[in-house]
Amino acid sequence: MSNQNSKSTWRSRLHEIIYEADTRAGKAFDVVLLIVILLSIAFVMLESIRSIDRAYGEVLNIAEWVVTILFSLEYIARIITVRKPFKYIFSFYGIVDFLSTIPMYISFFIGGGHALVAFRALRLLRVFRVLKLARYLGASDMLSSALKASRAKISVFLFAVLILSVIFGTLMYLIEGAESGFTSIPISVYWCIVTLTTVGFGDIAPVTPLGQLIATFIMIMGYGIIAVPTGIVSAEYTSQVNKGAPKAPKKPYPNTHLNSQSCHNCHADKHKDNAEFCYNCGYRLHHDV
Amino acid sequence: MSNQNSKSTWRSRLHEIIYEADTRAGKAFDVVLLIVILLSIAFVMLESIRSIDRAYGEVLNIAEWVVTILFSLEYIARIITVRKPFKYIFSFYGIVDFLSTIPMYISFFIGGGHALVAFRALRLLRVFRVLKLARYLGASDMLSSALKASRAKISVFLFAVLILSVIFGTLMYLIEGAESGFTSIPISVYWCIVTLTTVGFGDIAPVTPLGQLIATFIMIMGYGIIAVPTGIVSAEYTSQVNKGAPKAPKKPYPNTHLNSQSCHNCHADKHKDNAEFCYNCGYRLHHDV
Amino acid sequence: MSNQNSKSTWRSRLHEIIYEADTRAGKAFDVVLLIVILLSIAFVMLESIRSIDRAYGEVLNIAEWVVTILFSLEYIARIITVRKPFKYIFSFYGIVDFLSTIPMYISFFIGGGHALVAFRALRLLRVFRVLKLARYLGASDMLSSALKASRAKISVFLFAVLILSVIFGTLMYLIEGAESGFTSIPISVYWCIVTLTTVGFGDIAPVTPLGQLIATFIMIMGYGIIAVPTGIVSAEYTSQVNKGAPKAPKKPYPNTHLNSQSCHNCHADKHKDNAEFCYNCGYRLHHDV
Amino acid sequence: MSNQNSKSTWRSRLHEIIYEADTRAGKAFDVVLLIVILLSIAFVMLESIRSIDRAYGEVLNIAEWVVTILFSLEYIARIITVRKPFKYIFSFYGIVDFLSTIPMYISFFIGGGHALVAFRALRLLRVFRVLKLARYLGASDMLSSALKASRAKISVFLFAVLILSVIFGTLMYLIEGAESGFTSIPISVYWCIVTLTTVGFGDIAPVTPLGQLIATFIMIMGYGIIAVPTGIVSAEYTSQVNKGAPKAPKKPYPNTHLNSQSCHNCHADKHKDNAEFCYNCGYRLHHDV
């Protein structure tokens, strides 16, 4: 029993270091982790530049393998120290952590495609937890609930944009023809989206007067349509702000608890600072004796 | 009389399958319909790519004819099963359904232009009915009423944009001249709209210092003007949201009834779930005995 | 006296036809006027297209002279029928009407530059009066008062954008140099505005890594800055909407009077429908006996 | 003592002229200063245009040295007349004033890089003080507090945009490859930001169908994402407007005091018009006896 207890303590301490950012060791771990992630992204980027790859390819390759092995060890440690490992494995961060290591191993056997480790960029989202920025997390929460509320409306809008693009793309294909670069309907639809979203690469551009007239119409439409999602998000966000603090407008997020530790058992986070038990599964949070 | 009754029952059942998405058969019909529409759009797109047309042109042509005949049968069935066929024929969906089949038949006699069957994309709007997404339809309703309210203001705004484009387009034509690509006033006006809407293809660009100065002015104006329709839609949509739920802000659309069946007589839809008679013409909804 | 009276009646009738859109003759006059303006703009545009000018240049020239003489007669009639002609001459429409005719006469003596008659496009703003669209005029009024309220804030914003453009333009000039097209600081500042406003012609584009890094920064800044004027106009417009109808939100503009006649004496318009005297100068409105 | 007093008076008067815009001399000084700043920016711009530099390079160089010496004298005068010179030196305007003169001196020894005097553009921000525009400063204050409130949320948003750009940039690099211009991951990430912000230079554009499909996705995402910061600023600004004037909506900024003098001791500005002592350090404001 003493053995199990010591093991539990060892796991518990590792869990605290890896998953939480309140203790000194936990914060140091997260900062080091972020630096390693940034370095590894820099390595992949540098390797893709031909001149640098020729000169330092060998060094970069070794550096990347070192990072990959570190990440693999961290991934295993994360699985070991959680009570319900499958919950972690299939969580957002679990999948991101897996995708951050696996392309490198695949590239060992198949070759090519190891650039996919750029998925590591998603790991940078951990920065918010490390910085322990109450305002940032609160902001992010309000933002995401506003976006969630306007999701349905924005889907309707995007769907309408796509249907418009198919129809106007086909029209432009019929009017302009292959000489102006409108070689097929998919290309024309692509051009139509480029124009409607006001990106306007200019690799393809209408040449005939009628084509330019319709292009004008598409552009003005795109210029006006942008008002729709903006108006939706504005309205939803305003109502979120009003809902969130109806009586104490000076303290915007009074009830946001940002203790960064997470439950050993169910992996839920954002516990109250003085919480003793997980609000989600009732498991004791500071399980260290 | 029994004959007429049985005929009525047969028509009634077909009507339920084609127009409604509440029964199992009706839902299956609509899902199949959507898949066929998507397929037919894919066929037209693929046919427009030269390399694919050369290899599989024959197959695609047959596939398109099959789809066209299916759509024609559906169109006829829709006309037969409604009490007031002209109401359907001249409704939005009626016209779209007609435009989805007719270009193919025309192409049989004249040749060319059958790409216009891309109008079938509009039929995809039916997806909202099939998915029976209360939130989506509600969202769409609020959106369209907000857009309706801001229509007049946005017209004023678009009109001002057009007048500005004519004036600045003429100025640029006088300043830049034919060497920079501003070969005529219509082309210059086209360029001016491209710039004002911040699309910026770059196929035509000012070269003279004075031209670039005015272009700068146009761009900053365009960058600022976009704020106007956005502000209008924001304000209107916010007031729609506030109007829509003044006392129960938690349940956003309590009165939206989304029963997807439509009246056999007058084609009105969105009846209450427990409705026995059409709210529009008083015709009995479930006329099956 | 009877002579003066008849003269007054004659002038009064002409005034009614030219300046007002309530009577049948007045409306007909305005509609004809708008058609002539549209035609004359079309003539100038067509003349600027070389191939058309070669074939029909003679005809177009005559047509334009006819329009110019008609406009001159109208301009003189407008001056004669108003009591205070200078008020009209120096009003917005007075200046526009003058600028619509004068370039053609100048082109007679000097040659070239008659394309400036495109200023006639501004006369099209009269369309709002003709259509007598209560909603449109009300919309325009609310819009312009919202824009007036946010003018100061948008000036601050535009000023900041210009200063940013000068500084980043200079930086890009130093970094990129003449090879990439950044041949001078003014050109670089021009490019910076093209990028900041998200127009992005692409005639000039950074080539060096450092230049692209700064370009990235400018683009993200421009992408974010657009939020500022939009937010300002949204907020102002929302407060205009709330102010305009605090107690009867269903009838948006209950006090908008849209009688299109204007005072003979002081040229003020938008009188109440049952007004007998000008609200501005006290002059009798229907001065026909 | 009389000596110290007269010295104090002399410094006090100079302080009033240089730092304040309420007296006649102070206003004249600021107007002259602004004109000199504008001239000096024009000189730097003109010098960068090769053809002008060849013809008038000598004259422009002398003119710039004159301006630089004037600015140096002003900088010294500013340091002398403030009680706490270090507070000024490390304030925003202190640093800007320093950066406005130093590049010219450096260019004397090293050569090149004197174009950095374009930092003088930042000095133009003083225009708001000179014009003494109550509304403008009030507007700027409300704007900056709205921006301060939405800073955290916009950071979250920009961070997400950057992470998305890295991931999609890498994807595009893998799909398109070097032939289409996607020569390395950093270049691809640069292209991704160009596209996401709807700038769309077109110097690099996808060529493969799969690349164009992903580009379409990026563009629509960018077109939709813009709604987020706009919505945030709208909501924050609306709440600022509501907070600022809850009971007297007609007089927007009743409590903004815009006396342009600043304290001799602590450099704080925006004192009440009838203030006798600095609200920040208690130092007597009109210390002239």
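The chains carry the letters A, B, C and D, assigned in the order they are written, with residues numbered from 1 in each.
Keep this in mind: a contact is a pair of C-beta atoms (placed from the backbone, for glycine too) under 8 Å apart; a residue touches a chain by one contact, two chains touch by 3 or more.
Predicted model, so just to flag it, every value in this text is computed and none were measured.
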item: Shared interface numbering between subunit C and subunit B [over half = same, under half = different]; value: different
item: Chain pair with more C-beta contacts, A-D versus B-D; value: A-D
item: Chain whose Cα centroid lies at the greatest distance from that of subunit A; value: C
item: Length of the line joining the C-alpha centres of subunit B and subunit D, rounded to whole Å; value: 46
item: Averaged-CA centre spacing for the pair subunit D and subunit A, given as whole angstrom; value: 32
item: Contacts with two or more other chains, residues of subunit D listed in rising order; value: 186, 198-202, 226, 230, 232, 234, 236, 238
item: Chain contact topology (line, ring, star, complete or other); value: complete
item: Contacting residues of subunit A [partner subunit C, same complex]; value: 198-202, 230, 234
item: Residue numbers on subunit C that touch subunit D, as the complex places them; value: 152-153, 155-157, 159, 163, 166-167, 169-170, 173-174, 183-186, 189, 195, 198-202, 205, 209, 212-213, 215-216, 219-220, 222-224, 226-228, 230-232, 234-236, 238-239, 243
item: Of all residues in subunit B, those that touch subunit A in their complex; value: 41, 44-45, 48-50, 113, 115-116, 118-119, 121-122, 124-125, 127-128, 133, 135-136, 138-140, 142-143, 146-147, 154, 158, 161, 186-187, 190, 193-194, 196-203, 226, 229-230, 232-234, 236-238, 240-241, 249
